[in-house]
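What follows is a pair of complexes built around chain A, which joins chain B in one and chain C in the other.
Up next, the complex of A and B:
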């Protein structure tokens, strides 16, 4: 397989896709190269000619790779590519402004400070998941906007985790909401006397967990979308750089 | 397949798709195994060079006409095998009809 490393690296540089998709395509090509090499050897060609023929079959030109990228990119990427790079940069700035405003709106709203016993049991796992998303988002922001040493193969790193954390937070929010409703209604049903304190506690716990998780999910989702737009822009810039470089060299 | 898909400008695309689907209708194959089979059977008339096979395979897979499955082959090595789906079988049947009509019409005009 080593004999085809240079070709596979060249193709890898031009496949502007997230690492898992890229890896699968390259693995398929590597396997085919090996198959074709063995096939041409069996036809009686020497090693060098078998290698050349195998490479000729698999080595894709720019149009073919472009088509391959289009076929394998996500629906979100297809949608975002409808906008020009400049429009996307403007959208990115607008999204960051919205994200920056969201915690401010929450802090300024008239929310009472709840004590630990007034919080749902689901609050702590939800807070832990939101913290993971927050820390990873900060790291990605640092990598993409501050350090700016972009390694194409690592651009999508942590992005699925950030997205999954947001989804998990939402699931915990809904689970906590319904759990607290059920728990509160059970206590009210079984309790003899004034149900008001139980009702207040149920409302407080169920609404607070739902509100916290909804806000955390919304922020995580927006951060993920904004970072995805940034990554897409960087991939396009990298691709145009490689193509220009190729033209210069040729 | 819609009627208007089968046009002069789409002949190459339709020919490639029909050839690949026809080979896969005989059983599962992996990427260039399909291409080599087509090349050998056509006496070298139809060949897939410069990676042109991949976009066709991936498009057919995206349209659910074929299904790609990774299988382990000897040790840690994995190979992607393609199989024809029921939709693919129907599409192949439509392709055959279209090609038959195409050649009949063609020979009616140019003379057989």
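Up next, the complex of A and C:
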């Protein structure tokens, strides 16, 4: 693969994209180059000629690179780009309002406070995961909205971890729900007499863990979506800035 | 062994998928952490993603097992003239086991996948900057 490093570096310099997307495009190109190289070798060309021909085929012009960028965009980015920057900013504000309201709604609902013995064993790992998502989200909000020193290559930092924490919270919530159901049913099986207290405890534990994890996942997901919209807007601004800068220089 | 017996026939596909995940993860761990070998290839990334896909399939199998377990319990309740409630609760509890096991496996597998993927990306970045 080393034989194509120069070409890949050249293309990498021409791609103004966040690192993960750039990595993906370069990966695909490296794959194609290797395939073509092997193909030309099998046709009987020597190594140098096979390498030259493969490079000739893959070396992309500006239009092809633009097309590659568009093809490698996530479906969420493609969907969000359908809206103008202004409407996306309005959506962002609306989403922050929803996120701010969600903990308030949960606190105002007349759920009794749960004691430690009424909580599922799964509550603690789920709370730890939710805390990770919360801390990272706060840090990202600070970086994007308060400090506002945007380094384009670091814009997506922590975003996958936030999303992953949300997903983990959901998985733990469902695991806890089914676990508490099973645990309660087994207790009822072994117990002789009135099963009502066990049934109530089972329902309370299983429902509380599911409710906590669902709310935590929903908030994490909404925060992630809002931050992604913000990052997308910043990337677009950066891209337009680079393009005008290039035009001025030329 | 008790868990396997309790899970019934569905324990075997779940075990087989878990084993496949373990083998892929072990191989990737050796490549990325011990040998520190990374190839910039789409297929390498696909192999990594297979961990997550297999874990999701495992959850699907787990849910199927649970639903089929519930269905069997309901059929027995409908056909039996008299049935001990303890038998019913015990059977429903057993039916829940496959989904619990598969969800916990998904949780662990997704963390493993995430960590390996981060390592894969960071090694590729390192290789890139070294080549420059």
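Here is the rule we use: the second predicted complex is superposed on the first by the 190 of 250 C-alpha atoms of A that agree within 3 Å, B and C clash if a C-alpha of one lies under 4 Å from a C-alpha of the other, contacts with A are read in each partner's own complex, and residues count from 1 in each chain.
As a working rule, contacts are C-beta pairs under 8 Å (C-beta built on N, C-alpha and C of every residue); 3 or more make two chains touch, one makes a residue touch a chain.
Quantities reported herein were computed from a predicted structural model and do not represent experimental measurements.
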Comparison of chain B and chain C by chain A residues contacted: C
First (chain B), second (chain C), both or neither touched by A:28: both
Partner chain in contact with A:117 - chain B first, chain C second, else both or neither: neither
Which of chain B and chain C A:185 touches, first, second, both or neither: second
Touched partner set for A:194, first chain B, second chain C, both or neither: neither
Contacts of A:57 with chain B and chain C, given as first, second, both or neither: first
Partner chain in contact with A:48 - chain B first, chain C second, else both or neither: neither
Overlapping contact positions on chain A, where the chain C interface meets the chain B interface: 27-28, 31
Chain A partner contacts - residues on chain C that touch it in the complex: 39-43, 45, 66, 86, 89-90, 92-93, 96-97, 99-100, 103-104, 106-107, 110-111, 114, 118, 121, 124-125, 128, 131-132
Chain B residues within the chain A interface of the complex: 30-33, 35-36, 48-52, 54-55, 58-59, 62, 77-80
Chain B contact footprint on chain A (complex, rising order): 24-25, 27-29, 31-32, 35-36, 39, 56-61, 64-65, 67-68, 71-72
Chain C-touching residues of chain A, taken from the complex the two chains share: 1-2, 5, 8-9, 12, 19-20, 23, 26-28, 30-31, 34, 160, 164, 167-168, 171-172, 174-175, 178-179, 181-182, 185-186, 188-189
